[in-house]
Amino acid sequence: MTTEIDIQHLGFALRHVWLVPAFPLVSFVLVGLFLRPLSQKLCGIVATLAVFSSWMAACGIACEYYTLCPPGGEHPVLVPWAFEWLRYQPGMTVNVGVIVDPISVLLMLVVTTVSTLVHLYSIGYMKGDTGFGRFFAYLNLFTFSMLGLVAAPNILQMYVFWELVGVSSFLLIGFYYQKPSAVAASKKAFIVTRFADLGFLVGVLTLGYFGYTLFGGAAPAITARTAAHCAMPLQPFDFLYLTSPEFLARFGALAAGSTGITLLTVAMVLVFMGAAGKSAMFPLHIWLPDAMEGPTPVSALIHAATMVVAGVYLVARMFPAFAVSGAALLVVAYVGAFTSLFAAVIGTTQDDIKRVLAFSTLSQLGYMMLALGVATMESPLGYTASMFHLFTHACFKALLFLGAGAVIHAVHSNEIWDMGGLRKKMPITHFTFLIATLAISGFWPLSGFFSKDEILAAALGNGHYGIFAVALFVAGLTAFYMFRIYLVTFWGEHRTDKASHAHEIPAVMWIPLAILAVLSVVAGYVPMAKFVSIGAEHAEHHGINFAIAIPATLAALLGTGTALLLYTGSGSRADAIARSLGGVYTLVKKKFYVDEVYLFVTHRLIFNLVSRPIAWFDRTVVDGGVNVSGWATRASGHLFSWMQTGQVQSYGSWYAAGAMLVLLVLWAALI
Amino acid sequence: MNQLLASIAAYAPGLREWLLLTSVIFSIGLYGLLTRRNAVGILLAVELMLNSAALNFVIFNRFCMPARIDGSVMAIFVIAVAAAEVVVGMAIFVALYRYRGTVDVNRMDTMKDPVTSFEGPVAFNKEVLDNINKQYKSHHDH
Amino acid sequence: MIGPAIYTVMFWVVAASTVLFALAVVNTRKLLRAAIALMAALSTTAGFYVMLDAQFLAGVQVLVYVGGIVVLIVFAIMLTRSGELLEDHPTPERRVVGAAISIMFLILSAAAVWVSPFAEYSTGKTPPNDALSIGKALLDPGPGGYVAPFEVISLLLLAAMIGGIVIARKTPPPNQPFTSGGDLPGETDVYTPLSQRDPKRGGPVS
Amino acid sequence: MLMLPEIIVIITAMTVLVADLFLPERLRFGVSCLSLTGLAAAAVAVLMTPMNGSLLGGQFGMDSVAWWFKLFFVISGFFTVVLSMDLLHGRTTFRMRGIGSPGEYYTVLLFTISGMMFLVSARDMVLLYVSLELATIPLFALAAWRREDARSGEAGLKYVIIGALASAFILYGLGLLYGLTGQIGLEAARVTRVSPAFWLAVAMLTAGVGFKLTLVPFHLWAADVFEGAPMPITAFLSVASKGTGLAFMFQLFFRNMGGWLDDGSLLIALFAAVTMTLGNCVAIVQTNIKRFMAFSAISHAGVFIMGFLGPHDYGVPAMLFYLLAYIASTFALFAGIVWYSNETGRETIPDYRGMSRTNPMMALAMMLALFSLAGIPPLSGFVGKFFLFSVAAGAGYHWLVGVAAVNSTIALYNYLRIVRQMYIEPVHEDGPAAPASWSLSIATAVLTVVLVLVGIIPFFYNAINGTTIAWMSGVLPH
Amino acid sequence: MGLLSWLIAVPFITMLGVVFTPASRWKAVRWISLIGTGTELALTALLTCRYWIAAGPDTAVTMTAKLTKLYFVERIPWFESLGIQYFIGVDGISVSMIILTSIIIFTGVLASWNVESRTKEFFALLLLLVTGVFGVFVSFDLFLFFMFYELAVLPMYLLIGIWGTGPKEYSAMKLTLMLLVGSAFVLVGLFAMYHVSGLHTFDLQALAQASFSKDFQGWVFPLIFVGFGVLGALYPFHTWSPDGHSSAPTAVSMLHAGVLMKLGGYGALRIGVYLLPEGAKMWGLFFMGLTTINILYGSLGAVMQKDLKYFTAYSSVSHCGFVLFGVATLTVMGLKGAVIQMFSHGIMTGLFFGLIGMVYGRTHTRLIPDMGGLAKVMPWLATSFYIAGLASLGLPGLAGFVAETHVFLGGFFGNPWSNPTISCVLTILATMSIVVTAVYVLRGLAMVFQGPITHPEYELLTDATWPERISTGMLIATLVIVGVMPRYFITLIESSVMPMINRLSGGV
């Protein structure tokens, strides 16, 4: 039953949906241009207030949306507010607006909550830093662009804010621009994501092209269905159109030449390439570990909770299209699975606390991707599971990062071997960090358990046994490396004097930790299936599916056990195993030398073998050509000037010979 | 006798023979102008050429348009022009002789194009190439 | 009958002599001899004029051309003292090139002239070639007359004479005043700085 | 009275000759003023003569083209006199040896101008040939005017010999034309049937015209004579004698052989292309400013004869307009060169370095003249070249327009070499040249203004075009 | 004297004012030229408003029109016998280009605030250059167009020759000669059209109605396109651009890269595509390929440049490649993208070269390895440099993105007359440039501005002075406005591009 919703008279929040991205934008302009030179304190407050008010607006939207169309029922896609931004050609305009549907509401909530907490936390964390105002301006810019991305009703607006998110992450990673490593990391992040965006752009172009050419036929049916919900008329770039069954049917039918792969798959793989870049999937993951150079709140906000999930959100948004081209979905699944395994394995060997958390984020993102990958339109459990895991992961991963930040703030070093025995010095951080570790490892009462189970159930349900096995093994690994860093940092004796003098973080920093801890506990019980679902109606399912829960918990227990075994006590046992593994250990520690390969490819191959020869070629050959033509005229000048010998009689002979030549030419030409 | 006279008369010079004559004299004059070493000698050759051209006019007058006297009048004017030319020519040669002590035409080539050294394409390009190499010394990589 | 035969014989004899004299003008190494050869060549051309019923012209030719211009040339030879020493041979390649060009010219012009149809009109009526008609033609302002060229040729001769005089005259000894300014021997071409110049010649009036 | 301008010029020449005898040393300057007023009077006389009519039974004709040519000759004569005033009256810092005797100089100069005017109005071969010789032979004398200077003598020698050769060729050509048609008048002697002798005559006459207009195989005398002759005479040679050559070509190729012009247009196109390219290329390697101007004149000759190609009712006005622009630009440039060589005696291009700092106004005038010669908008050179290119394109010779455009680039390179010396190089170490005398500065100012305005104000082109558009239909035999 | 004649007259009058101020008060010269360019800016604003009012209502009409609708037309017969007239008017494309030029010249004058040696001649030549450029953008008579086109090229020689750095004579001469050879090609094409059309007039609108045969257009179009391409840095003829720009003083390279290179694109569009549609169809794909090389070649070449100005010169070669690529696509989006790219790249390069001049004024070196960590010392310049860099790599929210997406979509959609797969492949190759641009922009800027300060003496460098702040501020504001709210800017361009498309598809 499609509830009759008329755009004109919606609730206050739904009518003013544009407030959510507007607040951070206004505060970015305010802080960036005017408040920065005034006072640092004021910047912090204004920035946090702005994000907080956009959080409130998001909550308002969520409530009104779910009162309008109650959970469990039909969730129509609304575009309550939009304006024409850019007209490419008479039939093809791009509207900027805000889309309201289950996943965008969810994302808005997640982004605004984590962003508010991180703003609060960084007031304490960044105190006394010279670039305080600049930091908050960049944070607000990031929040604005993330909200813009989430609220994008069409793929081009998403691409616009996609780039803006990339730039703000570049600015934030390179915040300490005095440090060469931070500068290199920010550059690497931006270039790698930019490379992925190339694929995304080509994908957008293909979708735009086929969208426009097929727009004539498919449009009337779709507009009939969705006209009521949208402020502006349907356009080729809109998601409503791109994911509509009519369009997909016609587009899916077009085969790309002899290979038999449908054009739809090609487009979807290209789009996924953009998503893979932003969510740091396997080939394009190298920038995320280096992104840890930025201040920790940045890592918490961007590289844990919000930006990296943009890729997942994109795939979710285009899910119907992915579903129609089955092959693209398989690609998503396998890439996701492999990344989670790959990252988890590396995570076990890293020494830097933030690098470990980074690899754990990589691994959890792999989880979400494989969840989407395994889902199909018929049994869309994976879709809900992925969104659920996104929600829970945002909470506890942000908490982990903020906790790590607190620890680093106290010990002034990232190395876990410099810390140790901090549970006595920093009790609140220790307690919240423990909750988050338990959540991520997937133990029963906490949120991690529920979301991970749903993913495993989805994988099993749709018959992807291989992926299920990998996911299970990764769950174990996650537990192992999480408890490894937990034990090394908080248990055992103080390894350095700084660790011994560590003191608890101020209130403004531990309040967000507490809130996040509560959230990561409560988040598990939210009945996500009712709120977020797609495709066919599926049977109500409640309670815990024990067939999945038991093996998952067993794997987690196994991982925790090995961690306890290796890292409590003197820790010599860990080194012994490391030595025994020998080469494999160093290989894994060096992140499988992927960075070195990239560096080699770019510097040696592209710079030396391509652009230097081009520059040389341009300077000598093409430029040489121009110079030689100059020389040729000069040489002909010398040649002709040779005739001027100064001898009168040679002039006379040239004269007479010339006259006769004229005669001959006349005779030959005109007889 | 008559028969002998008649055979001689058969070779009477028509228009063609006359014109052949003038072109022979003209080319001899031209040869003189191109080879004579002494400037005055060249003027002699010029006189010859002008004279043959004047003769040409008279021939055409006699053969083509006897009713009028255009050819002869033109010849008279040619003679006058030749006179003027000789006057100026001789004045210049005398002045030149007084200054240079010779009127040998081959030595009158103080003014000619200085055939400067004319560097090949690489040399011309050399300055540009140095600029390029300076620009691309293998700079260290960051 | 005799007339045409004699006419032909005379034509070929005079033609041959003209060509020989012309070659002499061009090739003799002693310049005076070349001048005399030129005189002979021009007189034979006067002979041609007679044969072509242009008696007045022959007279003018002998009087003006041979008598005036060639004498002037002889004066020039004397002045430039090029008559005394033997003129050295032209450089071989100059000679070859000159010969080649002139022979080429001869062949081309002869061929062109030989085959072309000129406006031949041989009614045998001799042109009114006596001095009276030429004189009248020179000064007749009407369509047939040549009064304009007559005036122009006088200008030309005057201009050539003035030019010749200016170029060829000797500068007078220093003490004698000279009519044209800027030519006094005192003026050397040494660059005198502005300050030392006398006011009359554009120097600063102190 | 149609012949009034010529008569005025001749009378001025005579009075100058006589006045030179009686004027005391102090009033020597009066000679120049006399010739200037004479030329001005002649110019007024030309303006007043009607544009058609004939005298002396058709021998001396007058039409619009002749009218314009006479005007241009008188104007260039006027400016040559202005340019040579300082040199002749010793008002120069760098003493020129032996350029004296201003009276005779002006007389001979005026005679050549009258010769040119007669040439334009000649309607039969006799007057044509004699006036051509009157326009050329005195120039031999003028080229060799400076007796003590070996270069001037040598220039005179070369000019005499090649001039004599050219006049012999012209005479032979005219003789053949007379023979072919039996008529002495130019319009009357139009050949109806094509024959080898006619082509021989055309070849010989082209050689004669080539000598006067410095077309390629016949241009070799130009460099040495321009370098040897005194500076004002080089100016006169490069402008007036080129105008005479053009007038002579008009008389021959339009009036006499108009019918056959379209057959020979490919030959003319080849001539134009080769002359332009050679002139511009050799100018690159020149260092002496006078030799440089010789080659620039040669390249401009190539541009001129492009007017003969296309539909003639556009070619004639385009050529006349370009002649006007060429006169203005070349005289403006020569004013600067004459002034600089008078004041410092330096004649090589590198010697002009730093002039923009020592004498900015003169440097600006010379730069404008150079850019006009190179054909840079909005100056008149550009407009003139534009119309000539359009004529060539109209005739279908697109390749020639391409060659001409590339040539104007090479020409710009040549002219920029001088501008570079003036504007970019440091000041010449021998110190600045004294400021120009009042006569030269006025002349430069006037010429530069004309140079700029001729391109922009349509009056000039429309005037020329209006009068000469019908000229061709009158002349061509149909 | 209509509005447009005043538009051309104001810089000329300022130039005369500058020339006639006594040499002693050279400081006043800067203020005179600033006032002059200021009035020019005001005039442009007035022109834009009046155009917006006049052209607003009939955007619908022009959708199907075959001839561009001109506004504020002024016609004065000049040489009637040859059909030449002083015919100036303006349409959407010209208005956008006029806005660009007046902004760039205003900021150029501000950027050259401390030119001490021979200031009078410097500003006089600069204003003469701008008069030529304004003339080109408003003239619709081919003779007038060509006259202003060559007038705009010539002052470059003196400006680079006298005030330049490095091998200035060599690069000045090379620049002038190559541009003139380019205009030689155009000249041949111009005359061919004038004569073959038989209309005996140089009026652009009339020639547009003349029907040229197919093979005639076949050989004239490449001539015109390559002729204008030389100025628009088409691939094999671009070598003057790195030398010319690196030797030119700041304001000159701003004006040259910012505005003069746009003359090439504008000419190719206005005379190439508009007058010779059939020729454009034949050669479209070929030039698309050539300009793809242009784009990739320019950006790859820029990666290894050590000198900041060479770096920017190569990047502007790549961006001008976009302009010509857009023109070669012959689609609505392509042509529109070309015009927007002309505008946005003009502003971007103007900003870039202005900033390089300012940095050079302080550190007296342009070699990237010699500089480092300047952000700490001059934050304003560093931020504006970064904004310019991000605009050049096509960050959404700045003008570059709008233009590039238009060009890519235009290329991707392809036109009915050329093989769609090839145009898709070429467009994908072109899109790769956004990555390479990101690489060299960030690499260059990071080396110069970020990291620790390399030389101790850089510690005491000062940040931007007030003229520099105003100029950079203005340029950045324009970039942001066009980037964020492109709608108003684009509808006008679209209405003046549509006639060209109608001519292409519908034939004359």
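Letters A, B, C, D and E name the chains as they come in the text, with residue numbers starting at 1 for each one.
Going forward, contacts are C-beta pairs under 8 Å (C-beta built on N, C-alpha and C of every residue); 3 or more make two chains touch, one makes a residue touch a chain.
Remember, it's a predicted structure, so these values are computed and weren't measured experimentally.
Steps from chain A to chain E, taking the shortest chain of touch contacts, total 1.
This structure's chain pair with the greatest number of C-beta contacts is B-C.
Centroid distances from chain C, each centroid being the mean of CA atoms, peak for A. The central chain of the assembly on a C-alpha centroid basis is E.
For the pair chain D and chain E, the distance between mean C-alpha positions equals 43 Å. As a whole-number value, the distance joining the C-alpha centres of chain A and chain D reads 78 Å.
Note: centroid distance chain C to chain E, computed from Cα atoms, is 67 Å. Between the CA-based centres of chain B and chain E the separation comes to 57 Å, rounded to the whole angstrom.
Residue positions of chain C touching 2 or more other chains: 94, 97-98, 101-102, 105, 108-109, 112-113, 118-119, 121, 144, 146, 149, 153, 156, 159-160, 163-165, 167.
Multi-chain contact residues, meaning those touching two or more other chains, occur in chain E at positions 177, 304.
Residue numbers of chain B whose C-beta contacts span two or more other chains: 19, 26, 29-30, 33-35, 39, 43, 52, 59-60, 64-65, 68, 71, 73, 77, 81, 84-85, 88, 91-93, 95, 98, 105-106, 108, 110-113, 116, 128, 135-136.
Listing the residues of chain D that touch chain B in their complex gives 125-126, 129-130, 133, 137-138, 140-141, 144, 147-148, 150-151, 153-158, 160-161, 163-165, 167-168, 171-172, 175-176, 178-179, 182-184, 223-224, 227-228, 282, 285-287, 291. Across the interface of their complex, chain C is touched by residues 10, 17, 20-21, 25, 28, 56-60, 87-105, 107-108, 111-112, 114-115, 118, 122, 126-127, 130-131, 133-134, 137-138, 140-142, 144-145, 147, 156, 172, 176, 179-182, 193, 195-200, 345, 434 of chain D. Of all the residues in chain D, the ones that touch chain A in their complex are 157-158, 161-162, 165-166, 169, 194, 196, 199-200, 202-204, 206-207, 210-211, 216-218, 220-221, 223-224, 263-264, 266-267, 270, 277-278, 281-286, 410. Chain B meets chain C in the complex at residues 2, 5-6, 8-9, 11-13, 15-21, 23-32, 34-41, 43-45, 47-48, 51-52, 55, 58-69, 71-73, 75-77, 79-88, 90-95, 97-98, 103, 106.
Taken in their complex, chain E has these residues touching chain D: 77-82, 143, 146-148, 150-151, 154, 157-158, 161-162, 168-169, 173, 176-177, 180-181, 183-185, 187-188, 191-192, 194-195.
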